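Chain lettering (A, B, C and D) follows the sequence in which the chains are written, and residue indices restart at 1 in each chain.
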Amino acid sequence: MRSGVVLANESIGGGYHHMIVNCPKIAEEIKDGQIVHIRVKDGYEPLLRRPFSVYLYDKKAGTIEFVYAIKGVGTEMMKSFKPGDEIDLLGPTGKSYTLKEGAKKIVLLGRGVGIASIISLGASAADKGIQVEAILSGKSPEKVFGGKALQSPTTTVNEVYDIDGTSDVENVMKILRRTQEEGGIDQIFVCGSKRLGQLAYDFANEHNIEGYVSLEERMACGIGVCHVCVCKTTKGYQTVCKDGPVFPLAEVYG
Amino acid sequence: MRSGVVLANESIGGGYHHMIVNCPKIAEEIKDGQIVHIRVKDGYEPLLRRPFSVYLYDKKAGTIEFVYAIKGVGTEMMKSFKPGDEIDLLGPTGKSYTLKEGAKKIVLLGRGVGIASIISLGASAADKGIQVEAILSGKSPEKVFGGKALQSPTTTVNEVYDIDGTSDVENVMKILRRTQEEGGIDQIFVCGSKRLGQLAYDFANEHNIEGYVSLEERMACGIGVCHVCVCKTTKGYQTVCKDGPVFPLAEVYG
Amino acid sequence: MMERISLKVNIGGVELKNPVMPASGTFGVESADYLDCRKLGAILPKSFTLNPQQGNPPPRVVETSCGMLNAVGIQNKGLEYFINVTLPFFETFDTPVIASVSAYSEEDFKTIIRELNKTKTALIELNISCPNLKEGGKAFGTSAEETYKIVKAAKSVSEIPLITKLSPNVTDITEIALAAESAGSDAVSLINTFLGMAIDINTMRPKLGNITGGLSGPAIKPLALRMVWQVAQKVKIPVIGIGGIASGADAIEFLLAGATAVQIGTSSFAEPNIMERIISEIEDYMREKNISDIHEIIGGLKIG
Amino acid sequence: MMERISLKVNIGGVELKNPVMPASGTFGVESADYLDCRKLGAILPKSFTLNPQQGNPPPRVVETSCGMLNAVGIQNKGLEYFINVTLPFFETFDTPVIASVSAYSEEDFKTIIRELNKTKTALIELNISCPNLKEGGKAFGTSAEETYKIVKAAKSVSEIPLITKLSPNVTDITEIALAAESAGSDAVSLINTFLGMAIDINTMRPKLGNITGGLSGPAIKPLALRMVWQVAQKVKIPVIGIGGIASGADAIEFLLAGATAVQIGTSSFAEPNIMERIISEIEDYMREKNISDIHEIIGGLKIG
C-alpha cells in the first residue's frame, strides 16, 4: 500500500470526476493501462478497494491522475476527497499496454469511462512519434473526455456520440477503414465496450493487426491471489487484476 | 425521528464536546433528565443510535444542548458534526426527574459526563426559586463542567476532584451533612457513578429523603420495545430507555 | 399510465394489504408513536410465554460489524397481558395482528393457543427458534422431528392459522421447513437470529450477560436470503423472509427469492418508521418496472 | 521492565513463531510482495485439488454489509503445480508451510497426501468445508460421519500432521469437530465461509455466477467466535480460529475463546499487510497486560 496525497478532485461534467494524486512511488512504476486500487474509507463499509485505471501520470512530478464515474457507495465517497487528504493506494497492478517495437500507427478505441484506460498510452505513443488515431465514444459530448490530453501533431481525435449516431458500428468501422487505408495500423487498443471490443477484434483479425482490450471485473484482493476477478479467455479463466486488465483481443473474442 | 440542525459543536476540554442543536419539537417536549438518541451516521456502521442526556434546553429558542465524552466510533463521528449539519434525532424518551411539589432544597450529585443529566434540572429548580446544592465530581477540574450553567443566587456549586481527594466519599458525605443541617433536603438526584448512587441512597435512606438516580445501559430501540437496556431493580428488570433512565434510588439500591 | 398496483398477499388465508410487517421482539405498543400501524401488512408484537418471564441478565446487547447481538431471553409479561393489553391496543388499527408465541413444552404451546383461539388474533407465529433460551425454543427449532411434533401439537388445537418461525442454526433448513409444513403449518417464517458471541478483551469476559446471543441486522442478510430461497423451492406454503432487511431493495430480494412477505427487525431500531419507507420503495420499484401485482415479483428470480 | 514476550504456539508438533497465518484462498505468492512472510506464524496458500480446475463462472464476488460473498470454486493449478512451484517459492522463507487440500473423494485426498509426504510441507489442512463446490467438500464437512471417514482415511496415509477445516453451515459444529478429533486430526480450523446469496433486483438474477457463495469478513465474526468457543471446550486438539478477524483485538477474542492460532482472510484484501499489524497489536496487548506468554491468553475467557 502506498499513501497518496490528493492534489485536486473535481467534477468534469458527464458524471465524471478528475482526481490528481501525488504518489511518487506509483508514478515511478506505473505503465500505460495498469490499475491502482483505492481504499475509499477505513473500516468495513465498504469492505473492498475500488480499482481504477491510471488516466495520466507524470513521473517527474510524481503524480497520477484518475477519471472516475460516480457509480455507487465507493465513488460517492471518493467525491468528498479534498486536496490535502491522504489516501491509501494499492498498485500499480496488472499487465500494461505495450507498444510494438517499430510501431508507426496505432488506434485507440475508448468508450465512456473506459476512455480513462487508453489516454496515457496515447500520450506515450505520441511522445515516441507514433501516429495515433483515437476514437472516443460516448452517449453525448459530456460523456467523452481525454481529447485534450491527447493533443499532439501526430494524433487525430475522433469523438463519436450516440445522440447523433456517430458512435454507430458502421461509422466507427468507417474511421477504422480510412485509417487503415491511409497507411497500415500496427496496433489497436480498446477499452470500455464489449461491442467496440468485438468490432476491433473483427477488424484486427481481418487486417491481421495486433490488438488488445482492457477488461473490467469486480475485484477483491487486486493482486492476483483470490481469483474472484476472472474473465473467460481462450486460455481459461484469467484474473483481470493480474493477468489483465489488458488482454490480446484474440484471447477474449477468439 | 426529528431533524435537528447543529448550531455549535466544540471541544470544552477534558475529552468533552458541547453541542447545541436547533430542534424546536424536542425542545418543546423535553423534560429534565430525559434522553435523545442521535443517529451518528446513515448506513450500518455503526448500526445503532447513541443515547445522550439533554444537558440544557431553551424552549423559546427551540434549542437543545448536549455534552458528550469521546468514547468510541459513534462519538468520534459526532466530533465532526459542523454548524449547519442536519442530524437525525429520536426523542425525547424516558422518565424525567420530577421536582416535588413544594420542594425547598434539592441536592444534585453528578460525576463525569453524568453531570450532563442533572444540569437542566438544576436550572429548572433555580428558576422556581428552589435552593440547589450541586456536587459536581470528576477526576480533575477539566473533567467537571456545568458549574456556570447552574449559576444562580439560590445555587451552591461544589466541585470535587479525585486528584485532590475532595471527591472522596467522606468529603461528599460531609457536604451532604452540612447541607442537611443547614435546612432539610427535600430531594436528591444523582447521575454518573455507582459509588455516588450508593452513597446518595444511604444518605437519603438515613434522612428519609426522596432520591432519584439516572442510569446508563447500552440501547438498541431507545423506545422501550426491545428490552435490551434493562437494569436490575426491586421491581425486576426495567428498561432504562423507557422506564428510566431516572429511577427512585430505592428501586436500584434498595 | 399504469392501473393501480396491488401489494396484497395472503398468508394462511389472511389477506395482508402489503407484505411488510415487523419481526418479533423489535416492535411494541410504543412503536405506534413512530409509525402508522394502519400502513403495515401485519402487526407482530414481541413473543410472549405462558407466564411472565424476566429474561436474561444484562448486558443484553452488543453492536457488531453491520449487526448486533441480543440476549434478551424473551422478557415479557405473559399470555394474560398479551390478551388483555397488547391485543386490544393493536386491534384498534385496521391491520391483522400476529401473536408470536414462545413456550417450553407442547403443553404450554397448546394452552396458549387455546386461549388465543378465543381472541381476534389473525395468525400465530410459533417461535421455536429463539437462541437465547437454554431449553425449549432452541431444541425444537434445530431438529426436524421436534419441529414436526411441536407444530403438529399446536395445529391440533389451533383455530388460527400457524406460522412456524425457523432457526438458521441448522445444517439444512429445508428439512425443518418441510417438517413444519407436513405437520400442518400454514406458513414458515425465517430466519430467527444466528447464535453468536463477543468478548471484551479488557475484562476477558463475554460482552453479553448470557455469554452468547443472537446476531441480527444487515450482516446476516446474505445468509437469510439464501435460506429463504432454499426453503421457497421446497415448500408449498408461504414463506416469510426475515434477516437484515433495511430497504425496499432488500425486501425485493427476499420476494424474488420466493418470500410472500417480509419482516423487519433490527433496522427499525435506527429508523423506527423504516417499514413505511420500505413499503413505498417497493411501490416505486413496481411502478418503475411496470409491475402491477406483487405476485409477479414473488419467486421471480431468474436463473440460467 | 518485562521479560521478552513469547507468541510461540504449537500445532500438531509444529512450532509457529506466532499464532497468525493467512486463511486459504486469500494468500498466494503475490502476497509476498506486500508483507514479510518471515514474520508470519505459518504460510497457507490457496486450496488445491489433485488436478487443475477452472472454478465457477464469474461474477465470483459480491460485496455485502461488512462482508463479501465469493464463489471462486477453488480455481487452482493442481497438486503438481503446488509441489513444483508454490511450495519451493514459500520454502525460501523461514516459516512453516501449510498445504490446504481439497478433494472430491477419499482416494483423491489420499493420493494428494502421499505426494505431500515426500515434500517439506509442515502441516496439511483438509478443506472439507468449501461451500462453493457442488459435491465433495460440502458433503464431507456437514456430516460428522463423513468427516470421520475422510479424516480417518487421510490420517491413515499422512506422515504430516493434519488440520481439519470445518464448515459453519451445521447445526452443531462441536459434533463435527469431535468426529475429526476422534479420527485422528491433529487440529481443527474453523470456520470456512457461510453459504449466502445476493440478488440483483434490476436483472432479477443472482449476483453470483454460481447463484450462492460463501460469506466472509467482519460480518460473520460473532458467529465464528461462538463456534470456536464451543469447539474449544469440547476438543483436546488445538483449534485455529477463522472468520472476520481484522485487528489484533479481534484475534485476541478468538485466542481468549480458546483458539491456539488464527487465520486472516478477507481483511487482507483491503490491507495486504494486515497480518503484520495484527501480530504487533497482539504484542502491544500482551505488554500492556503484562502477559509474557501467549498461552496465558489462549482459552483465558472468564465466565461467571
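Observations on the structure shown:
Going forward, a contact is a pair of C-beta atoms (placed from the backbone, for glycine too) under 8 Å apart; a residue touches a chain by one contact, two chains touch by 3 or more.
These numbers were taken from a predicted model, which means no experiment stands behind them.
Touching chain A and chain C at once are the following chains: B, D. In terms of the distance between Cα centroids, chain C is separated most widely from A. If you compare A-D with B-D, the chain pair joined by more contacting C-beta pairs is A-D.
Inter-chain centre distance (chain B to chain C, centres taken as mean C-alpha positions): 37 Å. Mean C-alpha position of chain B lies 48 Å from that of chain D.
Rounded to whole angstrom, the centroid-to-centroid distance between chain A and chain B, based on C-alpha atoms, equals 58 Å.
Residues of chain B in contact with at least two other chains: 44-45. In chain C, 62, 65-67, 217-219 are the positions where the chain touches two or more neighbouring chains simultaneously. Viewed as a contact network, the protein chains are fully connected, with every chain touching every other. Listing the residues of chain A that touch chain B in their complex gives 43-45. Chain C makes touch with chain D in their complex at residues 62, 64-67, 69, 142, 169-171, 194-199, 201, 203-206, 211-212, 215, 217-223, 225-226, 229, 244, 249, 252-253, 256-257, 285, 300-303. Of all the residues in chain D, the ones that touch chain B in their complex are 65-66. For chain A in complex with chain D, the touching residues are 1, 39, 44-49, 90, 217-232, 236-237, 242. Within the complex, the chain D residues that touch chain A are 25-31, 33-34, 46, 54-55, 57-63, 65-68, 70, 72, 75, 217-219, 246, 266, 268-273.
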